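Please find the structures below.
The two complexes that follow have chain A in common; it is paired with chain B in the first and with chain C in the second.
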Partner chain A sequence: MRRAFTIAAKDTRERIRDRSAIVLGIIAPLGLAAIFSFVFNPIQNFSFHATYAVVNEDGGPASTVFVDQVLGAMQASGTVDVVSVDSVDEARNLVDSGADPFGGGDGIDGAFVFPAGFSDLVQSARPADFEVIINEGNGTAANVAVAVAKSYAGQLDSVRLAVATAEHLGDPVDRLQAGARAASVPQPVDLVDVPAAVKQLGDTTFYAAGLAIFFLFFTVQFGVNGLLEERHAGTLSRLLAAPIPRSMIIVGKMLTAFLLGLVSMIILAVATTLLFGAEWGNPIGVLALILAGIVSAMGIMAIVAGFARTAEQAGTFASIIGVVLGFLGGTFFPIAQAGGLLARLRFLTPHAWFMQGLGDLAGGNLADIIPSVVALLLFGVVTGSVAMLRLRKGLTP
Partner chain B sequence: MKVLVIASTNLRRFLRDRANVFFVFIFPILLILVLGASFGGSVVPRLGVLSLDSGELAVDLTHHLDASSDIRVTEFDARDSMVRAVERGELEAGLVIPAGFDSTIRAGDSVDVEFVSSSGIDATAMRTTVESIITQQATLLQAAHFADSEGVAGFAEGLATATALQGQIPSVDVAVTTSGEAFSLSGLGQFDSSAQTQLLLFMFLTSAAGSAALIQTRRYGVARRMISTPTTARTVLVGEGLGRYAVALVQGLFIMLGTWLVFGVNWGDPLGAAAVLIVFGLVGSGAAMLMGALFDNDQQAGGLGVLLGLGLAALGGCMVPLQVFEWISPGLYKVAHITPHAWGMEAFDHMVLDGAGLVGILPYLGILLGYAVVLYGLASWRLQRVLTR
Partner chain C sequence: MTYVLECHDLHKAFGDLVAVDGIGFHIAEGETYGLLGPNGAGKTTTISMVTGLLERDAGEVTLDGQPLTSSTTEVRRNIGLVPQDLAVYPDLSATENLAFFGKLYGMPRKQAQARIAEVLEITGLADRADDRVEKFSGGMKRRLNIGIGLLHTPRLLLLDEPTVGVDPQSRNAILESVERLSGEGMAVLYTTHYMEEAERLCDRIGIIDHGQLMAEGTRHELVQMVGERDRIRLTASGALDAASTTLATVPGVKQAGARDGGIDLIVDDASALLARILATVAEAGVTVSGVDIDQPDLESVFLHVTGRALRD
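So, the complex of A and B:
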C-alpha cells in the first residue's frame, strides 16, 4: 500500500505543478459559480408585489366590501398596495405608464373601476359590471388583478343566486338584508394554506453544487488517465518491471483521482459558501454526498480509461460522457422541473442523485440523503469493478 | 493560397476529432431540442390534485380545475408523492380534496381544502386562480346553504332550485380593459429563443475551447516549421485565424439551417441573420486567437475557454433573457452589454420580435465588428512576437 501512496503522491504533485487540474477543478467552476450567482441572485431575490389603483364612483356596499375586505386582506399580507384614484382617466394613465412584467416596481399594475350605481344594480337582479384596467406588459400582476376581480364577481353572483333561490322557494325578501345574510353564510369550501418545505436548492447553491459535480468528473479524470499517459510516455513498462503489484499501480492512480476530487470539491464547497453565500447544508451530509459522488465519478471515468486505447481517446470520450451526464443530470438547469421523460431519465446519471441528495438535505434531515448516497456508491462500485478488470488486463508492457 | 492550405488543414484536423464533431454538431441540436421542449413557449403553472373523495361535488371540482386553461392539472393518488413533487419544484402547488368533501358540504358544513405550496410568484398566481375556480363551484352550494339556513328549503331542494335558476339570473361581469404590449418574449416560437441563445453560446464556446488547437500548433513546433519555409508570420497568422473562423462558421451555419429545417425556428430576415453569423464568427475566432496567443498549455486554455464561453453567455443573456435583466436589475442589464453575446441577442430580438431587416441591425453588427477588430488586433500583435520568438 505504501507504494500506491508513493505513486499517488508523485502524480498529485505533477498535476498541481501542471496547473491544468487547478484550472479545471477549481478556477473554472468557481469562476462560473461567481458569474452565475451574479446573474441569478437578483432574480432569485425578487419577490412578488403589486400596486393597484381603485376608482370607486359607487361607494355602495358591493364596492366597499371589495376594497375593504378583498383588497384589504391582500394589503394586510404585504403583497399588494392599494391607492385610491379619483377618475378613470387618471387610473388609465397610471396603468399605461407602468409596464413591469414581473411586478415589484413602483408603478401601478392595474386598476379596479366601480361605476356609480354598481351596488344598486347588484342588489337588483339586473346585469351589473365593473371594470379592471390592466397593462398587458404587467404579466403576473395583471393576471392576479383579473383573477381577483373575477373571483369577487363570482362571490356576488353567489349572493344573488342565494337570494333568488330563497325568494323562489319562500316569500319575497328585503334584498339588501338578505344579501348581507347570504354573504355571511360561511364559504362551503375554504382554501387552507399548507406551506411545503423547500427541498430545492436556492439558485446560488444550485449552480455552485451543479458546477462542482460537473467539473468533478473532469478533475477525477486527470488521475484515472494517468495509466494511459504512463503507457504513452513509455514509463509504464518501467513501472511494471519494478517490484510493485499491478493492482497497487491501479490503486495509486485511483488514489490520485480521489485526492484531486476531494480537494477540489472541499475547496469549492467552502469557497462558494464564503464568497457567494451558497448554502450546501449539514456538513456531514454534504461530506457523505461528496465522497459518494467522487466514488461514482472515479468508477465512470475508470471505465472510460479502461476501454480507451490512448490518453487522447480517453479524453475525448470522457468529455463527451462528462458533458452529457452533466446536462442530463440537471447541473446546468433544473431538469427535474422540465417534467416528463427527461425528468425521469436523469436518474441514470450520478449528477442527478447528487443534486437530489443536496436538495433533500436542504429541506429534510440526514436520513433523507441515504437513497442518494446509496445510488451514487452503486454507480461507483458497478462501473469501478468492470473498470478494474479491464484495467488489470490492459496492464501489459 | 498558402493561407487557404493552412486554414483547410486546420479545419480537417478539427473535424477528425470525434469529440469535436459531437460538441459542434450533435450536442447543440440536442440541447436546443431539450430546452425548447421543456422550457420553450408559454409556461403554464402545474397543480397537483389529490382527491380523497369520489362524491359528485369532488369530481365536479376536479373537472373544473382540469378545464381551466390557466393551470395544468396532474392527478395524484398519494399525499406523500404530491407533497414531494411540490417540495422539489416539480409542481407549483398541490390541492388536497379531503374525504367526505361531498357529504360534508351537502350536510351544510364547510370543508377545508388544503393548498400545499412553497412561497413564490408562481404559487401566488396559482392560488388566485384556484380560489376563483372554487368560488365558481361554490356559487351553487352557497345558494343551497342559504336556502337551508333561511329555513325555506333543505340543502338538496335548494341546490336543485339554485341549479335551475342559475342560467336565468344575469351575472355580475368583469370588463377587462387592456393596454400596453404583452411581455415581448411571448412573440417567440417554442424553439426560437433556445436556438438563438445556443447558437451564440456554442459559436463562442467552441471557438474559445478551440484555442487549444492553436497552442498545439505552437507547442508541437508546427508554427516554427511553417515559418522556416518561405512563409511569413502574417500568413501563418491569417491561415490559423481563418481555420478557427471556418470552424465557427460551419457550426453556426449548421445550427441555423438545422433548427430552421427541423424545428421551424424563426431567425428573422435571412440577410440579417447571415450577417450576424458572419460577424459573430469573427468575434468568436478572434477570442480563440487571443487565447491561443496568451496561453502556453492547451489543457489550461481548454478549461478557461469553457469558463469564458459559458460565463460570457450567462452574462450576455443566453441563459436568462436580456429583457428579464432589464426589468429586474438595470445594473445587470448594463453589465450584460459588455459581452458580445448581448449585442448578438439584441440583433436577433430586433429581427424576430420587431421585424427589423439587415439595415435595422447595422448598429449591432458594427459593435460586434468592433469586438472582432480589437480581439484580432491584440491577438496578432501578441502572436507576431510569440511565433517569431
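So, the complex of A and C:
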C-alpha cells in the first residue's frame, strides 16, 4: 500500500504544478458560485414569505395549538410572520388594505379567525368553524393560508371521527381528554410540497454546493485518467516493470482522485462559507456527503477511463457525462421545481442525491442524509467495480 | 555456469502476427548482449516479455535462476528498464523523478539519496538536478531515462534502443555510460538497429529478424560464421615479394600478396595480428608508411543471414 501512496503523492505533486486541478477543482467553481450567487440569484425568486394575522376570540386549546404549533413552526422557520389582532373587522381591514404592521414592506396576506367557543365545540364533537380571510390578489400567500387551515381542519375532523366511532361502539371516551388529544395533533407537514433541496438551501449555498459537486467530477478525472496519461507518456511501462503489484498502480491513481476531490470540496465548502455566507450544514453530515460524493464521482469517471482509449478521449467523454449529469442533477438550477419526469430523472444522477442530502441536512437531522449517502456510495461501488475490471485488463504498456 | 538472465524458446503472437518465434539467449554477469535487428523485428516484444510487461505465449525467463512472470514482483527488483520511449515525468525535476522510482523500488531513504547523486553524476545531470525535466533538451531527457533504469543498481539492465533520436554528443555520452556499466558487473541487454552501436558495446550479439534469432555470437564469431575476413593493406617499400611470402606462413594470415607500393593481406583477426605482421615485414627489410584495415561489419553478416540489408 505504501507504493500506492508513493504514486498518489507523485501524481498530486504533478497536478499541483500544472495547475489544471487547482483551476478546475477550486478556482472555477468558486468563481462561478460567486457569479451565480450574486448576479442570477433565481432561488431567491422562489423563496416564500407571508404575513398572517390571527384573531383568537376562542383562547381554548384547539385554537391555541394552531397558533402556537402550526403557525409557530412556520414562524420559527422564517417562512411567515404572525401578528395578533383583536377583532375580525380589524383583520379584514388589514388584509384588504395590505397594511404593513412590521414596517418591512410586507402587507397582511391573510387572517385566521377563531370565534369564541371554538375549542368547546371541537371537544364536544359538534360542528365548529374557524374563518380564513384572504385577499385573492395575494396569490400564493393566500393559497397557503387556505391550505394550512384546511389541513388543520382535516386533522381535527380525524380526531373527532375517531371519538364518535369509539362512543358509537360503546367505548366511553373522556371528551376533555379527546379534546386535548385533538389539540395536540401534529402540525400539517404537507403544507407545501416543495423538495427539501429547494426548500432548505439558500441561494448561495445552492450554487456553492451545486458547482462544487459539478466540478468534483472534473477534478476527480485528473486522478483516474492518470493511467491513460502514463501510457501516453510512456511511463506506464516503467510502473509495470517496477516490483509492485499491478493493482497498486490503480489504487495509487484512485487515491490521487480521492485526495484531489477531497481537498477541492473542503476548500470550496470552507471558502464559500467564509466568503459568501453559504450554509452547508452540520460538518459531520457535510463530510459524509462529500466523501460519498467523491466515491460516486470516482466510480463514474473511472468507468469512463476504463472504456476510453486515450486520455484525450476520456477527457471528452468525461466532459459530456459531467455536464449532462450536472444539468440533470440540478446543480445549476433547481430542477426539482420543474416537476414531472425531469424531476424524477434527476435521481439517476449522483449530483441530485448530493443536493438532496444537503437539503435534508439543512432541514432535518443527521440521520436524514443516510439515503443520499447510501445512494451516492452505490453509484460509486457499482460503477467502480466495472471500472476496476476494465482498468486491470487495460494495464499494458 | 549460472547466468544472470536466461530466456528459452520465447513465443508471442498478436492475433495472426507472430512477433517472437522461439527466441532464446542468456547473459552472464558483466556481459553486454545486443539484440540487433530492424524495426519490427521483435526486439521490444522480447524485452517486454523479459520484464514481464507482456504475458508470453510460451517460453521461460529466469533471473539468477528464479522464474520471472508478469505476476512476480520481487524478482523484478533486480531489473532496470530503459524503455524505447522517454519515460520521465516532465513536471518533476530530475531529482524528483529519480526519488520517485527509488521509492517504488523500495530503496531506503539515505541509500536512495546517495545513489541519486551518483546517477546524476554518471548521466551528467548533476548541475541540472533540481530543474524541471520539461526544460531539458532531448539528449538530457534520454540520459535521465537511462539514469532511472540504473538507479537501484539492478543485476540486469534492459536498454531498448536508448539512442533513438539523440544528438551525436548525447549518443556518445550514453554509449560511454553503457560501457562503464558492464565494466561494473551489470548484465546488460541492449537492443538496437544501429550496427555500429552493437559492434562497439556488445560482447555478444544476437541477430533478430521476423521474431527469430537468426545468428548469435561475438562480432568475430559472426563474421567468421559467414566466411568474411579482415583485410589489411600495408603501404610499404622494399622487398615486398619476400615479405609477403613470409607473411603467408604466419598463423591467422590466410592470404598475402605484394602489389605495386604495398602488400595486401586477408586475415582472421586484424586487430590481434597487426603487431606481429608489422614485426614480420620489418624483419624482412620492408619500410611501412601506412596501414589500412578493412574489417567486415555486421551489415554483411545481417545481409548473409537474413537475405536483406539491415536498413531495409
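Here is the rule we go by: the second predicted complex is superposed on the first by the 238 of 397 C-alpha atoms of A that agree within 3 Å, B and C clash if a C-alpha of one lies under 4 Å from a C-alpha of the other, contacts with A are read in each partner's own complex, and residues count from 1 in each chain.
The definition used in the following text is that a contact is a pair of C-beta atoms (placed from the backbone, for glycine too) under 8 Å apart; a residue touches a chain by one contact, two chains touch by 3 or more.
Only a predicted model underlies this, so the values are computations on that prediction, with no experimental measurement involved.
Of the two partner chains, both chain B and chain C are touched by A:Asp18. Once the two complexes are overlaid on the shared chain, A:Ser237 sits against chain C while remaining clear of chain B. Looking at the superposed arrangement, the partner reaching more residues of chain A, out of chain B and chain C, is B. By the touch criterion stated above, A:Ile133 is placed in contact with chain B alone, chain C being left untouched.
Using the contact criterion defined above for the overlaid structures, shared-chain residue A:Leu274 touches neither chain B nor chain C, since it reaches no partner.
By the touch criterion defined above, A:Pro245 reaches chain C but does not reach chain B.
Touch criterion met: A:Arg3 reaches chain C, while chain B stays clear of it. Within the superposed three-chain model, A:Lys150 lies in touch with chain B and out of touch with chain C [touch as defined at top]. In the superposition on chain A, chain A positions 18 are in contact with chain B in one complex as well as with chain C in the other. Taken in their complex, chain A has these residues touching chain B: 18-20, 23-24, 27-28, 31-32, 35-36, 38-40, 42-43, 46-48, 79, 92, 95-96, 99-103, 105, 122, 125-140, 142-144, 146-151, 153-166, 168-170, 178, 181-182, 185-200, 315-317, 319-320, 323-324, 327, 333-340, 342-343, 356, 359, 363. Residue ranges of chain C in contact with chain A, taken from their complex: 48, 51-54, 73-77, 79, 81, 83, 85-92, 96, 100-101, 103-106, 132, 148.
Those residues of chain A whose C-beta lies close enough to touch chain C in the complex are 3, 6-7, 10, 13-14, 17-18, 233-235, 237-245, 396-397. On the side of chain B, the complex with chain A involves touching residues 17-19, 22-23, 27, 31, 34-35, 37-39, 46, 61, 70, 83-84, 86-90, 94, 96, 105, 110-121, 124-125, 127-132, 134-147, 149-150, 152-153, 157-158, 161-162, 165-166, 169-183, 297, 299-300, 303-304, 306-307, 310-311, 314-315, 319-320, 323-324, 327-329, 332.
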